[in-house]
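Take a look at the structures below.
One chain, chain A, links the two complexes that follow: it is found with chain B in the first and with chain C in the second.
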Partner chain A sequence: MKSRNLPLNKRGFNFEMIMWIFTRLSALAMYTLLLIGFIGALLMGAREQMNFADVMRWAFMPNPSHVINTNIPDIAPWTALFWQLVASALLLVATAHGVHGLVVIADDYIVTSNGRKIVRLISMLMMASTSLIGLYILWTF
Partner chain B sequence: MGITRNVGLMTALRYKGQGPMLTFVLHRLGGMGMAVFIAIHMLSSFLGGKGGQFVNAIYEHWSFQLVIFFFVLFHAINGLRITIIDLLPKLLEYQREAIWVEWLVFIPVYGFAVFVIVSTALGSGG
Partner chain C sequence: MNVTLKVFRYNPDVDKKWHYDTFNIEAQPTDRVLDLLEYVKGYLDGTLTFRRSCAHGVCGSDAMRINGKNSLACKTLVRDLGEKITVDPILGLPVKKDLIVDMEPFFDNYKKVLPWFINDSPLPADGKERLQSPEQRERFDDSTKCILCACCTTSCPSFWASDDYLGPAALVAAHRFIFDSRDEAAAERIEIIAETHGLARCHTAFNCTMACPRDIQVTKAIGELKMLTITGKLE
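Entry: the complex of A and B
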């Protein structure tokens, strides 16, 4: 395969390019946060008290309400500040990743300049409201 | 801008994209499914009340869990393949092999999740 040797400014290093790389890097970030949640759950006793699906549910969003129905004896370690921070980081990264993903999908079907502007406006509103509502839920459990 | 589409729906459906096309469709479907699921789940948790509890009760049902686990796990595992191949473009040559590896990872992980969810549901009389 021929290597690409165009300089960055000719490759089109613009907002879309930044978001393209952001989508990949945020995926890696989410994998890291997910692993932290997974390992943390095992350290807090999930091996005896939770099944595989419950551990996955916790790892994908470490919010105490996701483990309250399992056999854990005490919810206290699961409500620690650390998990609120991990959950908030996951929420913000996932919201940005997801809303941009929806814009990419919409761009495949909405091709007019005005339509795309409307899509971007809606996506910004969606991203802001989802982040704020999510943070509210995570910090008022 | 100004992309024109000159492929009809039936032609599009008959497109033989095979493995890579299937992962593309499932990735997109899973992404949209997650966006809709998480948005509604967050709103119902935020608003609470009878309506919120009703929606969350549907989401916690084992049959819904099977669907959402499929979406999330496939999107995550396929996303890792896309990330690795895009960040190391030399591996693009092994795209099809990568998709086989991806299914080899996805099937046991999702299969185990299905086994656990269904056996828990049957065990608790759900």
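Entry: the complex of A and C
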């Protein structure tokens, strides 16, 4: 009997499906990165001052200019390259994930194929500019 | 028991806008909504228009929105609904008259997935059947139960947004053939359903699964198709 597997180029593995998978995986990646920020804060002595805002800062914006507001005893470790990378990864993943979410919602309302192309183009520009501004802030301040 | 039946009415020849007609009917709790509609048509208002054929949940022609939920009128009992029953046409397809909608867009989408058996290789040596093990048959058993009633597709928010979206019923049909070990056109079909208006438009809202009068695990079937685009595994 013939093999019942479809080779990669015959699986309908196109841009739409790649973006669909990306959205799932990027959500998981975000959870991982958030946990890294959160656990990092705990390791660096954040046990006393936990409140929602602080947890959000550690998890979503693990860089010195935000962490300084959370009464963490020593913010020096937060300036390390590692945290810059974590913050950048989170920024890039979250922006792409969020923008793709918007595209999916827009697809409910804009249903012509040209309209959808325009929405995709605008979204990519939005994604690129947001990411660039974010990276600029993370790496220069 | 006395039932107040509110029915969506629209006659394109006279009405500018749709309205509800209300009927008070003596019904048994074990009556079906279809019985009520038949009663109205037979004794109260012969102009009431709706589709039905088998009256036993097999033909799929009497899908309608009963108290807000897509169901078959012939499988919905009065006792499960109470004394107030509202019947509307299914959503997302143009209403032609009263409870009858234009099913063409639905069937157009269905046809797109090549819903027929495709196998061009020569018959087995004995010239008889293409054999299949019970496990291979089991693989697509659930999706063979579909009666094309459109309850699922017309409950799907992605289909309401655009009837270009293939919709759950068409995807169930694709599932039925793609996972059939005797069929050879899986690659063709998966290419069709993975395009812009296909698989990726399903947001896993589960409306379709809740609506299906045949209890087909529709969202699960769609999930298996999504998985197939990743793994390529047909077994």
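Basically, the second predicted complex is superposed on the first by the 124 of 141 C-alpha atoms of A that agree within 3 Å, B and C clash if a C-alpha of one lies under 4 Å from a C-alpha of the other, contacts with A are read in each partner's own complex, and residues count from 1 in each chain.
Keep in mind that, in the parts below, a contact is a pair of C-beta atoms (placed from the backbone, for glycine too) under 8 Å apart; a residue touches a chain by one contact, two chains touch by 3 or more.
None of the values given here were measured: they were computed from a predicted structure.
When chain B and chain C are set side by side, the one touching more residues of chain A is B.
Of the two partner chains placed by the overlay, only chain B lies in contact with A:Phe60; chain C stays clear of it.
When the two complexes are overlaid on their common chain A, residue A:Ile133 makes contact with chain B while staying clear of chain C.
In the superposition on chain A, A:Leu102 makes contact with chain B only, not with chain C. Of the two partner chains placed by superposition, A:Leu81 touches none, neither chain B nor chain C. Of the two partner chains, chain B is the only one touched by A:Tyr31; chain C is not.
In the superposition on chain A, A:Asn51 contacts chain B only, with no contact to chain C.
On chain A, the patch touched by chain B and the patch touched by chain C overlap at residues 1, 111, 113, 116. Residues 1, 4-8, 10-14, 16-17, 19-21, 104, 107-109, 111, 113, 116 of chain A touch chain C in their complex. The touching residues of chain C, when paired with chain A in their complex, are 157-158, 161-162, 164, 181, 186-187, 190-196, 198-201, 203, 226, 228-230, 232-235.
Here chain B touches chain A in the complex through residues 1-3, 28, 31-32, 34-35, 38-39, 42-43, 45-46, 65, 69, 72, 76, 79-80, 82-83, 86-87, 89-90, 92-93, 112-113, 116-117, 120, going by the rule given at the top. Of all the residues in chain A, the ones that touch chain B in their complex are 1, 24, 27-28, 30-31, 34, 51-53, 56, 60, 65, 94, 98-99, 101-102, 105, 111-113, 116, 126, 130, 133-134, 136-137.
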